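Worksheet: the structure to be examined is printed underneath.
Chain IDs A, B, C, D and E follow the sequence of writing; residue 1 opens each chain.
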Amino acid sequence: ETLRLLTWGSYAPDELVKKFEEKYPDITVEVTFSNNEEMIAKLRATGGAGFDLAQPSHDRIYAVQQEYNIYKPLDLSKINTDVMQDKLLEGVKANTTIDGEVYAVPHQWGTSGLMANKTMAPDVKAWGDLCDPQYKGKTSMRLKRTILLGMAFDMGEDPFAAYADLDKYQSILDKVADKLIACKDNLKAYWKGGDDLSAMMMSGEIVASETWDSTAYKLYGENKDIVFVPPKTGALAWIDTFAIPRKGEADDAAYKWINFVLEPENVKIMSASTGAIAAVEGGKDLLPDDKKAAVNAAFTDADIDNLKFFANIPAGVEDMEGKTLEKIKAATGSE
Amino acid sequence: MAIKPNTAFLTSYRIYVAAFFVFLAAPLVAAGMFAFNDSLFPSLPWQGFTLDWFFNDTEPKLGMFHDRRLLRGLYYSFVIASFVSLLSVFVGTCNAFLFVRCRFPAKDFFYIMMVLPLVIPGVILGISILLLASNIANGAEEALSLDLDFLRPGLILVVLGQFSFITTITSLVIIARLKKFDESMEEAAFNLGASRVRVLRTITLPFLFPAMAAAGIVAFLVSFENFNTTLFLVGSEAPLTITMYDRMVKVGSTPVLNAVSFFLMVGSALLALISILVNRDKPQT
Amino acid sequence: MQSMTENDLATTDNDLECVQVRKHFGSVRAVDDVSFEIPKGSFFSILGPSGCGKTTLMRMIAGFESPTSGDIRIKGNSVIGTPPNKRNVKMVFQHLALFPMMNVYENIAYGLRCAGVSKEVIRTKVHDVLERISLPDVANREISQLSGGQKQRIAIARCMVLDPDVLLLDEPLGALDLKLREAMKIELKLLQHQFDTTFVYITHDQSEALVMSDNVAIMNQGKFVQIGTPQELYHNPSAAFVAGFVGDTNRWAGKVTRVENGAVEVATEAGLTMRGSVRGTGTPAVGDTVSAFVRPEFISAEKTGASDKPVDPAHNVINGKVDSILFNGANSRVLVRDGAGELIEADVVLTGSTQDLKPKDNVTLSWSPEQTMCFKA
Amino acid sequence: MMQKDIKRLSLILLFAPFALWIFLLIVLPHLGMFYISVREKVGPRMYEFGLGNYINFFAEPIYWNTLIRTGSMSLLVTALALLLGFPIAYYIAKIAGNRTRGALFLMCLIPLWVSDLIRAFGWILLLRETGIISSSLQWAGVINTPIEFLYNDAAVIMGLVYTVILFMIVPLVSTLDGMDNSMIEAGYNLGGNGPTVLRRIIIPYAMPGIVSGCIVVFMLTAGSYLTPILLGGKNSSWFTEQIYDQFITRYNWESGAAFGFLLLAFTSLVVWGGLKLSGQTLNSTVAKS
Amino acid sequence: MQSMTENDLATTDNDLECVQVRKHFGSVRAVDDVSFEIPKGSFFSILGPSGCGKTTLMRMIAGFESPTSGDIRIKGNSVIGTPPNKRNVKMVFQHLALFPMMNVYENIAYGLRCAGVSKEVIRTKVHDVLERISLPDVANREISQLSGGQKQRIAIARCMVLDPDVLLLDEPLGALDLKLREAMKIELKLLQHQFDTTFVYITHDQSEALVMSDNVAIMNQGKFVQIGTPQELYHNPSAAFVAGFVGDTNRWAGKVTRVENGAVEVATEAGLTMRGSVRGTGTPAVGDTVSAFVRPEFISAEKTGASDKPVDPAHNVINGKVDSILFNGANSRVLVRDGAGELIEADVVLTGSTQDLKPKDNVTLSWSPEQTMCFKA
């Protein structure tokens, strides 16, 4: 039988897949790399068919499930929930329970924050510093919702709280948009994937950027001057989860995979590939040494306490954010 | 040669032509070159020559021939392209006979319909087919609790989506050839005692064969490199372009992508060569 | 139209008979009530202007079109309803339609293979027929490696190897260049002798039809106007159309001024008077309009007063002035402007000597009334 | 009689695949898309008929600005492709010797050998601030600080021209090829100079090829996705990207479908206008090449 | 090659002069040392087999190729280095090269527009030239709506409206069908009279060249072999090539057995003996091989014993048997097999009477030694 994974790039390292297939010789693993939006879009188009296990982030399940009904409830008895870090497990369960059924369990977590080249941009501490004129033409960000949220926090707002009042949220978005439009001039380019971000950072074309932590860790391995910087308003934390598509055809294999990748020696392999911290007890210690060093270089305990976990996205927010992003993208005159 | 322009003009003209071909080759050379760079990043500086990105079997420099996902992408691309070329050559041939040989009402209109898919943006084709298929599948599921799996994103939809516009290309190629066919050749064969089927088999199809082969090769190449239409229709069996795109945007590129590019360039060049040979085997009348 | 009386005889020595064959395309009567029969082993040509229905008639014989009405019989048996691949009538197409994807051998073997003949027999037959068309060595050539004349012969061989009852040829020389066409004319006739098969040859070039054929049918607007030997057609045309179409000729329209057992006197529109013999159907009376034809070679042109022989008093005599000489070697013509201002063409032999006619010379033209063919209009 | 039956049967047999193809894969999906585009979402899994999605488009300047931007840049790309491609096509069809011409023609197809993605990838490697071109220029001493060639409209336009130019050259070569050389010679012989012959003889003659190439190139450009995304800068939005976003990021199939339809309508309108201006028909141009 | 002596005279009445023009393509000598001059207002043809260099020569005159060496002068001025659009030499192309995207009016107006002539003048000129080619009403027709002959005339009009010093025509009739070609031959000559312009006409069809031209140059392998009037070429060929190429002819290869001031006796390979006159350069001696040519129209064929007139004793006389008659109206031929087994062609007039020659008849062929042209091989 085949296990069709719909997951993030690097969330299924070859080594691990091979190991899994050796352990379960009757299962072959097929991997499709994706991201939150595409996962949902794809599953929506297929009505939840075509894949046996998906890995959306914890904040992207509730509303989507209500609207499109693309996941099936998990059978928690088949999952080794014991190994999971309680706080994360409960958080995800709380976020993804509909009609008493749980739709997701946590896999790995990580943050979005800033990345800076210490020698060239020692002062980058907050989201807003990307717009600091002294780095004109040498900063970058991804034009997605993360930067909207980060910038909102930077401006003293609490966007997650505003989810309850969409009008309020809209006004925050408008403010953020103005700021980001004004900031446009300061940027070299919007990055679209880890690839161009790495290239720009490594080559010194930019000195600071919004980033996924894993990308920052990877670059730290190459160049110790490049470090992840948790913004002073708090890094945005996400938890990528396991969810089973409604028409998945290999549930058993899916559960086997979930349990398999949470085994400590496998977590090591996984984290080495993803740079994210597994949602198991002592997850951080299972990071490979260089990544652990990078995390330690980046985070103090205070930073960890200050993490802002993404809140569940209510229906309609994607649309509002989308429009805001379009507005920013379309705004010209700054060049 | 039509008429000889003066030499100074001709020289600058030639330089322009040469510059143009340099322009055409530049990005391919750039993409191909870094396949041999002994570095984890496909960029300058040059770290020395290596074939690791083709043949090495261990991370981090996993060569393309050991990279299961790329190989699987290659395999799916191949499967998709094969089906697409077979189907589109078949329908293209039927269309050629239809439009060259048959008379029927509103022929001009239908001819325009046949050409149309070529000018519909690929993204739109992909989306419209996805929407229709999903709606039918959802409808069937809700109303009849029927699982019409083939209407969900996946190989079949990708094949259909690509087929929908590639058939126009194959049709045009084969029509052009059939138009050159002297129908009296068929009559001559009848006259010599052949049955209808035999005429088709021994006269008409052999005559069309070079065009069918060329159309097939073009269809194969176009299918192999299609992105826009495929993007919306792909399921879990991703062809190479999609795999590479995901790799590049979602994982980060290493020179293995350059290696694949290089490999594809060589492959396409070979195919192109074959198509020339097929078309040149006999002087055609 | 001799065949009409024999419509119903089935036993026959004729390879091909058409009985009141008609073909209408919508309102176009492409072939209109054509009847003829072709005796075994003869060379029969159908000659007519473009669009007169020749190809349509031939396609009906070959089976590519079915007649609107009438019957077509091959060796006495009706073939109406027989599909083209079952008729023993083979056809050489205008552009030959040799198969370019096969070599010469395969082209010739094609029909035999269709008939399921065994490999060895095919081999012998193909080599045999190649011998007979004097091209024994080309079996393995590609079609594109043949000259125009060779292709022509291969196209014929491809049919003849099947031993057809009738071979149809639709303007097979049309695509060849001038010199080759001249040569092939003679060759075709020789091949027909060789194979001793009935050839039906379509052309709009009268010299082809005249040179090669035993019998020629003149076709116009879907109908056969006259069937006869080349000489009959040339010298005894039964209608003005035939007289005008076959061979070069001077032509006048005029009114009959006198009638006298088979001979008439005609005054042309421009004012000439000449005597002529009545041809074709219908005897013209005084006052009827007629067309008069005289062939250039029957008009003798002499410098006025140069000849010592007196002109035959029965002849038509006209004086004129040489307008121009169309020098064309043996086929040279002189254009003479007569008193009425019309141009008359006459053959001349130009030897290059000083006695040759020159423009502006005064000439006397004379020809006999027998050679002046008059048709009632 | 019998022949007629066979003819009818073969007509039906030949028409069937054509009809299935066009109807099931082109007409029906577009009807479906249109149907979805006139549904308005009024709540989770609740829809109502209405033109809201279209109204939305026109009410929001960002959208139609992007569409117009996409359209005008596509026209620019088309014009550039024609300008750059025509001399090449002419060279191949009329000036190159018999042997080189096949080779040159094949070389024009080089970009077709690899996907859009790889082409864009190659351009990125060349154009980026630390890329090949900038580095070589520095190395050659032409510039002292690296220059960014990537992430701007010029890069997008160049990348697009690169991608589509072959679709301009191919129909041009085939029409120019069909042009009797003596036509050009006659043009000179009757007293025309180079520009006159070009303007009065060659271009009018090649018009069907030009129009056909322009249509295909324009459509391909307007419908392209990867190149503008990967090479574009902060301000370069492309309409297909917006369609993609509607569908994928915003889960809004209804307005995505409307956008798709608008793109189709807009590009068709431009093509129609082009055909009218040049006095050609779709039948005499695209269909011919 | 009369011009050679006048190479350096610049004042001239000649519209066109070529002086030792050569054109080599790599090792191919397409045109090799050609010199000639064409006087004002004459019709000059260049006649030669395919590939002999006619088109190349013409393209040099028009300016599309530049000569490897030699000079080309139009109205006495060298045009070497003058681009084609600056030469007042216009050209009618083989496939006419009418511009399909322009209508008739625009086609004709094209050259005038290039010359910057004003609108009204263009209008008058175009209508004028259309009158002169007798097509006053076609101005607004599309090219595709014209018949072959009309296209031909438009192509000429398009050039003539520019008043060229010389009009070049490269096999303009090659693409036309037989009947139309015949008609256009005469028409072209009339048009040339009309316009009174120098026409240089290329063809490989001898009858075209002979009928139309004032002077004809015979070209072979890049060289001019002979220049002369049609009659000169036909009756006094200066070389065996000309004798064989211009007009139909019987041809024998033989050895000289006797020489006698300008006359020779020749024994052919097959064993015939005949007397002939020496032509061309070089006087053959006894034992030399020669080619002997006799035109069919100079051979008289009589039924043996039928004629009462005695045959001229100076004539060559051969007895033979009629092999076949090629009936072609006025151009009929008889093929006679002589004692040696060779076929000899003679012209006959067939009147349709019983006295006509028939196959198997014994005939006596006779022709005069003057008409037997012998060339030293």
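The criterion applied here is as follows: a residue touches a chain if its C-beta (ideal position, glycine included) is under 8 Å from a C-beta of that chain, and two chains touch if they have at least 3 such contacts.
Note that the structure is predicted; figures quoted are calculated from it, not measured.
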Steps needed, at fewest, to go from chain A to chain E via touching chains: 2
Chain pair, A-B or D-E, that carries the greater number of C-beta contacts: A-B
Chain whose Cα centroid lies at the greatest distance from that of chain C: A
Between chain E and chain B, distance of the C-alpha-averaged centres to the nearest whole Å: 56
Rounded Å distance, chain B centre to chain D centre (Cα mean): 17
Approximate Å spacing (C-alpha centroids) for the pair chain A, chain D: 36
Per-residue multi-chain contacts in chain D, two or more chains: 128, 130, 185, 188, 247
Two or more partner chains touched - positions in chain E: 64, 84
Multi-partner residues of chain A (each touching 2 or more other chains): 192, 199, 203
Of all residues in chain A, those that touch chain D in their complex: 37-38, 40-41, 44, 64, 66-68, 184, 187-190, 192, 196, 199, 203-205, 315, 318-319, 322-323, 326-327, 329-332, 334-335
Chain C - residues contacting chain E, complex: 178, 186, 189, 204-207, 210-211, 230-232, 234-236, 246-248, 295-298, 326-331, 347, 349-352, 356
Residue numbers on chain B that touch chain D, as the complex places them: 1-3, 5, 10, 13, 16-17, 20-21, 23-31, 34, 42-44, 90-91, 94-95, 97-98, 102, 104, 108, 110-125, 127-129, 131-132, 135, 160-161, 163-164, 167, 172, 196, 221-222, 224-228, 231-232, 240-241, 244-245, 248, 253, 257-258, 261, 264-265, 268-269, 272, 276
Chain B-touching residues of chain D, taken from the complex the two chains share: 6-7, 10-11, 13-15, 17-18, 21-22, 25-26, 28-30, 32-33, 36, 84, 87-88, 91, 94-95, 97, 102, 104, 106-123, 125-126, 128, 130-132, 135, 162, 181, 184-185, 188, 194, 215-216, 219-220, 222-226, 240, 243-244, 247, 253, 256-257, 260, 263-264, 267, 271, 282-283, 286-287, 289
Residue ranges of chain C touching chain B (in the complex, touch as defined): 62-64, 83-86, 89-91, 93-95, 97-101, 110-111, 114-115, 142-144, 158-159, 162
